[in-house]
Structures are given as C-alpha cells and as structure tokens.
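Each of the next two complexes has subunit A plus one other chain: subunit B in the first, subunit C in the second.
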Partner chain A sequence: MSLSPASGIGRFYKHSAKIIRFVRLGCTNRPFYHIVVMERRKNQHQPVIEQVGTYDPLPNEHNERLVALNTERIRYWLGKGAHMSTPAAELLGISGILPIHPRTYMTAWRNRQAANADQQRQENAEGVATQ
Partner chain B sequence: MSFLRYLRKINTQLQLPTRLERQFSNAGTKSAILQYEKDPQPQFTDTETQRLLQSMTQMQLDKVFRKRTVPDNDNEIKFMTTEQLENEFVKMIEKAKHQLQMPPVVKVKQDTERIISKDPALKDFQNTKFVFTDITYGLRQSDRKVVVRDVDGTLSYAPLETQKRMNQLYFPLKGRTFHTPRMFSEQEYLQRCLDDHKYEFVLDRLTVQYEPYELDFHQISAQVFQHLNESKEFDQLRSTRHFGPMAFFYAWHHCIDDLLYDMIRRDYLQNAVELIALSYKLHNVPVEFRKTISELDALQPTPEKRALNQLLSSLKSKEEHEGIQQEIQTAIGKAESDFAADEISLKFIEAYIASEHALKKVQLELAVQTLKEINLEKLQLYHGLKKAHGMHAS
Partner chain C sequence: MLRASCQLLSQPGVSAVKTGSTNFALEFVRWRRKPRWLPVAKSKKFRVPERKKQTEEERVELLRLHNIYKTQLRSVRQYLREETVRQQETSTIDHIVFTPEQEEAAFQRCLEENAAWNATIAAEREVRLKREREEKKAYVQERLEAALIREEERKEQANEKVRREKELAKTFISRENLDVAIETALANPVDYNFSIDLGGNIYRGRGTLPGGSEPPAEAQQQQKQAASN
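Coming up: the complex of A and B.
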C-alpha cells in the first residue's frame, strides 16, 4: 500500500457521519495505529479524510507507549460533530483532551481487582506452605 | 637594556614562589569542571559584551568560508560588473556574520515536576505509562506540549529529557541523533577527541546535539574550554562561532591570562584590551575601560569593516602616491593609526599586568616587552621607508 499524505485523499460527503478512529497498520504481531478521521461507514483500510495522530501500543525501551495527537485538528473535527470509536475516545480521555472514558475506569477497577485477587491467592498459598 | 634585564631577573625571582603556589592551587581546580554559579545570560546578551566578543572573534573570511567536510563544497564562477561584485561582497560579509553568530550562554534549566491532574481511580489502567505529544503543525519545539499519564493515573508535563526525545522523534533536527553520540556519553572518546585538538568539531557537534540550557552542554563545553586553556590552541577557534563563548567562559572564571598571552604574542593588542575590559565588566572591577575601548574603536575599524576593506582592496586601482603608502603598509603590516592604537593598548595592558588581577605576570610582561621591541623596530622601518620615498613622516 502506497502512502498517502496526512491531509488524506478520502472523498467524503459534506453531511456524512465522520469518525475519529484507529487504523491498524504495522504488520503481523507488530500493531501500529494511525488515528484518522474518515467517513463512519467506510472500512478502515479505505482512504482517510485526514490523519490526526499515531499510537504505538508496544512499550519502547523506556517502557512508555507513544501517542502523537494533532490536537488542533482533533478539536476541529470534534467541533464539526465527528464521532469517536471507543478506543480512540479512551485514548483522548487519558491524554487529558477529553474527560476520562468510563471504560478506562472499568478496566482500571478490574485490573486492581485482579491484582488484589492474585495477591490474596499468593498469601493463602504461602500460609498453606508455612503450615 | 641590561638594566631592564636585571630588573626582570629580580622580578622573576620575586614572583617565583607565588607562582608555584598558584600552580598548585590550579591543579586542584583543574580536575573539577567549572560551572556558572549564577545566570550568565544577562551579562552575555548585553550589547556591550556582545560587541567585545564579536570584535575578539575577528572575521577572517578565509577561515569563515573554508572548505568543510560536507557533501556540498562546490563553488560557482560568474562574470560580474564591479558594482555587482561590490554588492556581492557586502552580502558575503552578512553571511559571514550569520555564520559567526555565537551560541548563547544561559543558565542550566531546572526540571520541575508540573502535575496537571491526579486520579487515583485510574490506578492500574494499563501496565505502562503513556506519553502524548502534540504534533500540531507550525509550533515551535519549545512550545510543543508533551504530557505523560503515569500508571497510577497522574497526568503531568513530561520531564525535559522526555520532551527532547519526543521532539527529536516526531520532528527530527538535522544532525542531531536520537541516541546520545558515544563521543559525549563516554568520557574516553571525548578525551581522545580533545587530545587530538579537535575542539571545533566537538563544539559544533555539541551545539547541534544539545540545547544551550542543558546540563550536559555546560559540562562538556566547560571541559573543552578547560582543555583548550591547557593546550593553548586558541587560534583554532578564532573566527568561529565558539570563540566568543570561550572568551566569556575564561573571563567569568578568572582565567584569561593564557588567552591574553596568546593574543599579545600574535599581536592582537586590541583584542587583548577587550578581553581585559570584559573581565573587568563581568566582575565589576572599578577600572575605567570604556574610554580606552572607544579610543581604540575610533582608531581601528570593526572586524566587518576590515574584512570588507580587504575584499574591496582587491578591486581598487591604486594611484601613484597612495600606492606607495599602501605598499609600505602591507610590507610592515601596520599603518600610522595602528601604531597609535598599539600605544594605547599597551598602556592599558601594562596597567592590568601590574594590578592584582593578573596571575601570570612574568610571562605576560615578557610578551609585552618582546612586542614592544618588535613594534619599535617596525616603527623605525616605517619612518625610514617613508623618508626614502620622500613622504613627510607625521
């Protein structure tokens, strides 16, 4: 697939529903996402209206996940009434541009629960071992 | 003459013990890297300081536009009228000025933690932290917001190190590498460069790789300047953009004597005066130097004018009378005004050497004495030649 400019080559109707979403690029076992604006009804691999950021879900050598956001354009499209996919909304929530998405709180809570349960299980196992 | 020599001998004997002491005390500080203890920026950007530094840097066009190890080193040949050529010369001087712009000397920027929000309900939302970079088009690197969401849900502005890394990742600067070059990260490589006297190379790369407010920039440049002060290869940096910061560094840390000696030995007396004036200015020494500087300025052209005159002199068709005068001047290397300027400079320099601010008095005195003798010979020759050509010696 040849690269298109960040301003995009996708054709769109004036009043069609737009969405800010991820496009999975990269390759097998190495995901890499572009954050794009496109028509909602389209498939992710069709031409986009505009690319507004990137997201690298694999942690780098400093153990960080890198996200780049073109905040000016994101605000523009949100102002135009663009929708957001849930992962994109979560990411924007974490970045501080939007309020935190409820699902982020849910995952956080579930992760904490799982960690607690793990700890409990370990303590129990240790208790059994010492007895 | 013999009386003078006798005096000098006595002087050296008197000076010797103190000098030894100083050398020992120097040895202690040499290992430590000197640092600016307060913000040098207001002093550095001051117009008077800038003027002194620019004048000290000089503008030797051969050196400014020398061949470099870059891919594009070719030159273009054109036919021009005299007028066009003169305009081109002026443009050339502007370009040289641009090339000689000094990297600023500013204080180290301290990293402060700035938290935007804390959200304990977000704890453990992911197992790594997220770094968000604003890639909005047309922002300056310094204005670009980089924020970090930590694992415990804290959102804060990224530390300077991360900010620089992100800027380099998304908007790479030409010549700056993402990972620190080993030349700077490992002492032995840097030491090897310094021992080979590749000062300009190190400083150029340092300027590209680091911002002037970074701690590493300060430490490495201080190390280079200190090494330079020991090897005394000051001429390598003359007519480069690093000469000004170097002179400023020495003046700030009270170690101008080696540079001063070098300047006197090379007969750059005006620069020597400017260096002393700079150190007086930085440390608020109550000595009136502005008068001497303005007198010298009146007698001698600025580096830019000198360079331009040098370029223009290749164009001029000389008249008979002026031609001979010019020839005498080029043969001796000095004009009447230069001798007058030297007189004023020498007076000022000797006053400095006699004061308690000079550390290497004997060495400096000897250099001044030698220079005086040479100057006297030149002056005699100058008058003799003028007389021989039937011109009135003024």
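Coming up: the complex of A and C.
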C-alpha cells in the first residue's frame, strides 16, 4: 500500500491528537506535498484522516508556488483542536487563515540580511576593481 | 539475534534490511542510517556539533513575535471552536428533520430537475446524432463512388492486357507452323558472340578477327556444323 485516497482511510481515536501537516510525495529532487490531517503519532506515509490541500514548493513557469487549501475543513479541524506543524502553520499564515507565523518574519529578515551582505560585497569588489 | 542482523547488514543488496522497514512499501535507500544499537563512529566520537548562531537581538525579537502569535492563535482557535460547535448545533447533516411529505416534495423537485436536464441533453444528442448520420451517409456514398471508379479502372486494365496478349499470340509458334519456324531458324543462324579489345571496339561474330576481316574458312565451317547440330 503506497497511496491512500485523499478522502482518507486513516483510522483514528476520537480524542487522539490530530495534526495538520505535510506528506512528502513526488520523487527524488521533485518534492510535492499533500496537506493532510492525521493522527499526530503516525508516520507521514500512513493513511491519513483527510487531505485538506496540496503544496507544490517548486516555482512553475510563472514563478509561482501553487497551494490549494480546503479552508472549510481546515477551519473545522482547527476548531476541533488539531495541531499544526510549523511549515503548515507558516503556509496557513501566509494564506491569510491564521496570523503570520514568526518563522515567516525570521526567514524574511534573514533573506534581507543575506541580500544586503551580498550587495555590500559586490560594491566592495567593484570599488577595488575601479581603484 | 543481534549478531544475525549485523551479518545481514553487511551483505550488499539487502535494501529492506538496510532501510529497516521490511513491512512497508516505501524504501528510502537515500536516508538509510545505521541501526540504533550501533555506537557513535570513532571518527565522530569527539565531534561537537556547532550551535546555530542567534544574536540576542534576534532572540528577543522572536520571543516577542512568538508571544504575539500564540495570543492571536489562541483567540483564532477559540473562535473556530465556537464556530464548529455552532455549526454542529445548527447543521442538519446527521439527523433528519424533514417530514415524509417534505421529503417526497424534495424528491419530486429533484426528479423534475433531472428530467429537464435529460430533455436538454436529449435535444443536443438528437442534433448531434443527426449530423453524424448525415456525415456517415456522405462518407459511405463517397466511398462507393470511389469503389466504382476503381473497379472500372481495373476492368480497363484487364481488357488492355487481354488485347496485348492477343496481338502477341499471332507470332506464337504452334503445331501448324512449327516446321516453318524451324526452317526459318535454321536458314538464319544468329551469332550473339562478340569480342572486345582494349580500345573498346566490339567485333561481332564468333570468329571475327581484330582487323574486322572475315573468319577463316575452317572456322566458318565449324560454326555451321555447330548450328546444324
């Protein structure tokens, strides 16, 4: 059994901890994620309770990274007290369902710092070349 | 048992054992690791992993953001929980609230809608089938005509062949003119032999000499004898 249907065949206890998280599909060098609800203690490749979206992390030809979310069910499961993995929380934050996750801000400022450092280095190199 | 597993591990090509998931279809050979019971490698024994760098400023900022996030998320969760409860209370998904009459009416409504859809689709289908029938008819007609023309051509070719054969038959050698034909052949011996010199000149005849002169008398005699025999 390698693939389970998106409607979910995962069995779960009523009061067990559920989590909204990614399941890595795709293949080597080509990640593709299903956003699923499953029991927290289970391995990511075990049957899920429900699939609530997909996420394609590689930018397509228009430089877009595609995400599909079933917001109604996500709201339902969050209302039922489901946990979220950090990447899932980040994605939900960016998509506007939840507040922006701090990690998003962190990534942004680190990227900015790296870009600034890069620019600085380039300018220095140019200055040396002109002298 | 432990030792047996280790021996198995040392064998190449036992990927199921290597990944440690014998009963599972997914086998990640890329991320295989040594079994939990093996100790730290000697070369890695005194390696101290480097801590991720985080400035004090960043730490404080992240703490602040996380505090805000947690507070916001708590209230969102509260809202969603209430929403879920509200929906469960007002929803009629898992319990029946219709009377039989209402149910019947709903069913009739569905039936009518379905009938309407079927009618529109039937009309479309009628048009499409009619068009397809006509196309098919035209196609068959075309093919039939083409077949007729083909047949006619074939007949013509056959007739032509027969005519040609008949014409040729006039020159055939039959029992009646066999003797005459033999006489004619004997009277006109044909000599296909020829020789060729380095200049490319052709000398027709079996005994023709390079100068173009007639062959000697003996040779002619021999040739005649050969022909008569």
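One rule holds in what follows: the second predicted complex is superposed on the first by the 127 of 131 C-alpha atoms of A that agree within 3 Å, B and C clash if a C-alpha of one lies under 4 Å from a C-alpha of the other, contacts with A are read in each partner's own complex, and residues count from 1 in each chain.
Following the convention adopted for this analysis, a contact is a pair of C-beta atoms (placed from the backbone, for glycine too) under 8 Å apart; a residue touches a chain by one contact, two chains touch by 3 or more.
These numbers come from a predicted model, not from an experiment.
Within the superposed three-chain arrangement, the count of touched residues of subunit A is higher for B, of the candidates subunit B and subunit C. Contact with subunit B, but none with subunit C, is seen for A:59 once the two complexes are overlaid on the shared chain.
Once the two complexes are overlaid on the shared chain, A:95 sits against subunit B while remaining clear of subunit C.
In the superposed model, A:28 makes contact with subunit C only, not with subunit B.
By the document's definition of touching, both partners, subunit B and subunit C, reach A:105. When both complexes are overlaid on chain A, the residue A:69 reaches subunit B alone and has no touch with subunit C. In the superposition on chain A, A:85 makes contact with neither subunit B nor subunit C. Shared contact residues of subunit A, touching subunit B in one structure and subunit C in the other: 100, 105. Per the touch definition, subunit B reaches subunit A in the complex via residues 116-117, 119, 121-126, 128-137, 145, 147-149, 153, 155, 162, 166, 169-170. Within the complex, the subunit C residues that touch subunit A are 24-26, 30, 58, 62, 65-66, 68-69, 72-73, 76-77, 80-85, 87. Across the complex, subunit A meets subunit C through its residues 1-2, 28, 45, 75-76, 78-81, 98-102, 105-106.
Subunit A meets subunit B in the complex at residues 53, 59, 62-73, 94-96, 100, 104-105, 107-109, 111-112, 115.
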